[in-house]
Amino acid sequence: MDRVEDIYGDGIGYVHLLDKMGDEFTPAEDARTSTNKGRLGPEKDAALQERLTKDAHTSPFEGVVVKVEIMTPLFVLRELDRHRTVTKVSDEEEMELVTPEEAGRKWFARNEMSGRYVQMPNAYYHPLVVRAQSKTNKQGGGQEVVDPAIQAEFLQAGLEMTQQARALYDWAVEQGIEKGLARIYNTQNQYTKIRLTGSLKNFLDLLYLRLPGVVLWECRRVAEALEQILQAHFPSPVEQWRRNVYDGVRLSRTEKQALSRLLEVCSYDRLDVDEATIQQVLAKLKG
Amino acid sequence: MDRVEDIYGDGIGYVHLLDKMGDEFTPAEDARTSTNKGRLGPEKDAALQERLTKDAHTSPFEGVVVKVEIMTPLFVLRELDRHRTVTKVSDEEEMELVTPEEAGRKWFARNEMSGRYVQMPNAYYHPLVVRAQSKTNKQGGGQEVVDPAIQAEFLQAGLEMTQQARALYDWAVEQGIEKGLARIYNTQNQYTKIRLTGSLKNFLDLLYLRLPGVVLWECRRVAEALEQILQAHFPSPVEQWRRNVYDGVRLSRTEKQALSRLLEVCSYDRLDVDEATIQQVLAKLKG
Amino acid sequence: MDRVEDIYGDGIGYVHLLDKMGDEFTPAEDARTSTNKGRLGPEKDAALQERLTKDAHTSPFEGVVVKVEIMTPLFVLRELDRHRTVTKVSDEEEMELVTPEEAGRKWFARNEMSGRYVQMPNAYYHPLVVRAQSKTNKQGGGQEVVDPAIQAEFLQAGLEMTQQARALYDWAVEQGIEKGLARIYNTQNQYTKIRLTGSLKNFLDLLYLRLPGVVLWECRRVAEALEQILQAHFPSPVEQWRRNVYDGVRLSRTEKQALSRLLEVCSYDRLDVDEATIQQVLAKLKG
Amino acid sequence: MDRVEDIYGDGIGYVHLLDKMGDEFTPAEDARTSTNKGRLGPEKDAALQERLTKDAHTSPFEGVVVKVEIMTPLFVLRELDRHRTVTKVSDEEEMELVTPEEAGRKWFARNEMSGRYVQMPNAYYHPLVVRAQSKTNKQGGGQEVVDPAIQAEFLQAGLEMTQQARALYDWAVEQGIEKGLARIYNTQNQYTKIRLTGSLKNFLDLLYLRLPGVVLWECRRVAEALEQILQAHFPSPVEQWRRNVYDGVRLSRTEKQALSRLLEVCSYDRLDVDEATIQQVLAKLKG
């Protein structure tokens, strides 16, 4: 699983693994620098790595490096770099935050295709399905689609807009207008291609922010393809990250205390629950 | 609260605030760049910042900057830079990990006092109390002290060692030995002084790793002094970080599921617990 | 000089200083942490800082922090983040490189305005003058403008394209299309607003890449406004950086050797040249 | 050349390559992401990479990653992390600066051996030759050695000091003193072992600061071993970096102008010099 092709169904977008350094148990080997022991077999290596993941001891996951190439539209690349979230702060205030979190900034290296100097690639993104704005979720991410007539009208207008923008660009370049200016009326659905190099930790941090359902679908598709590739090459740490971090939950002090109190006073049939795990949670809540 | 003096009881170690940029509601102002609204008063600003903290949307906390000066022994500075933890991986394997987590690496700027070229400061750390190795906690951090006779012997030998090392260094410099070599037999309890500049986010990340009880006491004292200073100047975000992050807990997928199941089947008297919070937790566990 | 307004002549673009930490002699104070001496007056502080600048000892310039707000079109923001350069490698190969150099990546913090959730700002950039593609400089940056008729046609078409794109976006939002999709046909001349926090060193690194004449004019205007602001608040280090780094030149080993040889064998009238500086250069070339 | 052994002549210190990602022409391949052309053969790839190096377009050199293991004493590790330089600012002021430049801070990952929890390695550094403090160079780095009698006395005292410190540590651990405290009287010549992961660019930046003759010999030995390893695996870019950056020189604006003027007025026999290079320099000085 080195290549995830056609991530948008238009035959253009993709995520490819280009190179990697290290394997799924390299973090354990690096961590054992401190004790000089190296690898101790998959079972013990996995046990150590699970402990590191649980304790947010992330440094050993920075010694594994991954390089990928991503073909995606410009507006998606901007979402990958940034973190965009809508938050209901209170009844009066709703916020959309747009910030490039560290996960998006600390790529080790990045190079991007350019269409200004060489022949600009004639590749633009048009959605196969036009999603409706979710009513409950301000960030979109919904499953509903708009009325077929509206969808058709939007896509038709978008296609024409794209073609006109392209024609204007081609004409402007031909007329000798500076290429950096000629392109400013291009549409934001234009494809671009980047190479990214980062550590396993960097990539998992990125997935944490870009995999959730509230993320723009086109951006999430990149994250999902990245996870497939990471999963294929580093199954043990990726699955542990899923179990202990991504699919987990963080409770605040107040929630911790309320839950701790409840566990003391509630009654239940031990056969109905995973009692061992409950005891483990109780220890955590008290600790 | 700009100066926390005498953090070790020997009249030497300290943490001083030198400068800062921004105040406790700057993160809200920066976050609202996306909506162009600026500040909306302490209550709304605090509400927004709590939301950002809960969602791990940390970028706005990077726009607040703090510069401090720290006087601490060399072996403590090494602990501040690195993350050292002892972990019982399994019955067979116990690990001590020593890695400089990002929290220690990404200081914006750092300058350190040097005693090689100028007159080396005659300042060394000797513990007031000699702690015993904890039996349950391999990292030390225990409360027990060793037998008074052993304590006296250790401190006496340590003091002599330090003085001899110092005398050897002074003699070697006088004899014209290269200063970079003359000092290699110095002891690791020698004091040094650094200036650090970092964002509020950087400092909170550092506190996350250095405040816990398992951390070496001399290192924890620096973290505690830093928290006092941050608390005095940025009370709202520091307290929110405490409530929602530091004093909270992270549950894994398995723990989440076990707990979710238990909450469905258990019975309890609603008056005995903080029911509103429990409902909020339940929503989180399901979400 | 906290606000440089109207950087493009369209009344919209600007660069504003929002906050700062430290002044023009803070780097000297921080550097002297090592000797415990603090500030020694403007003359000595400037002398030390010049030495640091010449030796590329940049760490003390990271203890001064600057926060700015920039209003600029989307395509300019992308240029600020990336480094785009055209290079004639050989007669056969010409390269355009597009990479986000560290200078663009290591901002301490960044927040951006968003027009997806709130009312999208109706602000678009149209050039006052349409520059012609330079024949000698593939990156553009030329002084020539295109024929008035072509300029008029381009701007007219661009204005219409922008208005159509805006109308399509407004209509799409009204029809309930997900806002993240509705905007993909927008043109790249759309304005956006960001806040950046970084160290003096970060900003000077950015100026190094963005001030040169080959940089896209709209991007260079941001760099020029930044330099004006930095110059006003940190005149000494900014001028020293200009003299010793930006306005200087780097010679390769071969060039160094050829020049060194020439200086040995050539003859000239000492009154015709700055002999003291020549001797200083000769020492450097030999060293 | 994956292992440079015995870098100090005591049979202990070393630098080993553990892993790498990419080869000597990967930077060209990554750079051509922008034009979609990939590799074009060693000659063209080298030509492009030389251009990138000359233009300080460093991003493509971040896509090559190297992991090494270093065995070195504690006082050397501290020098590797920091940048320590003595500068004569004026007749009155001489400065020693001690700062961790970015080159030392931005390691992708680092793990260190620990001797606190496991059996502490009984390995300490004693210099084979005791260098004298240079009179002209305050940072040491001189070639002269001290008088044999002084050398013998220093090494004898150092050896005893080290053994006493070790004995005190062993005794303290045995008596149940917390290991974190037991070790504080250890000497700074104690060996430690680290693993570092970084990009080719990171490592070259480090060499720039740590290879020069003024650097402490023990620290320079690590840099020299690193260069040997990098040279063996990435010969083309490392040699280009040497020629164009490390072995080159930077001239200030004033120096540029004085030299430019001199080249206009001086007379020389063209056969005596490398005229082609001189013309190239002249173009640079004017440009």
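As written, the chains take the letters A, B, C and D, and residue 1 is the first residue of each chain.
Operating definition for what follows: a contact is a pair of C-beta atoms (placed from the backbone, for glycine too) under 8 Å apart; a residue touches a chain by one contact, two chains touch by 3 or more.
Quantities reported herein were computed from a predicted structural model and do not represent experimental measurements.
A.B. asks: Which neighbours do chain A and chain B have in common?
C.D. replies: Correct list: C, D.
A.B. asks: Of the other chains, whose C-alpha centre is the longest way from the centre of chain B?
C.D. replies: Following the centroid criterion, the farthest chain would be C.
A.B. asks: Please tell me the distance, in whole Å, between the geometric centres of chain A and chain D computed from their C-alpha atoms.
C.D. replies: 36
A.B. asks: Please work out the Cα centroid separation of chain A and chain C, and write it as a whole number of Å.
C.D. replies: Result: the chain centres lie 30 Å from each other.
A.B. asks: Taking the mean of the CA coordinates per chain, how far is chain C from chain D in Å?
C.D. replies: Chain centroid spacing, chain C to chain D, equals 30 Å.
A.B. asks: What positions in chain C touch 2 or more of the other chains?
C.D. replies: 31, 33-35, 59-60, 96-100, 109-114, 117-118
A.B. asks: Which part of chain B faces chain D closely enough to touch in the complex?
C.D. replies: It is residues 73-75, 81-82, 84, 86, 94, 96-100, 105-107, 109-114, 116-118, 125, 127, 130-134, 138-142, 146-147, 150, 154, 157-158, 161-162, 164-165, 168, 172-173, 175-181, 183-189, 216-218 of chain B that touch chain D.
A.B. asks: Over in the complex, which chain A residues touch chain D? Could you list them?
C.D. replies: Of all residues in chain A, those touching chain D are 19-22, 30-31, 33-36, 59-60, 62-63, 65, 67, 69, 108-114, 117-118, 121, 193-195, 197, 199.
A.B. asks: Which bits of chain A are touching chain B when the two form their complex?
C.D. replies: Against chain B, the touching part of chain A is residues 31-35, 40, 44, 47-48, 51-52, 54-55, 57-60, 83, 85, 87, 89-90, 92-93, 95-102, 242-245, 247-259, 261-263, 265-269, 272-274, 277-278, 280-281, 284-285, 287.
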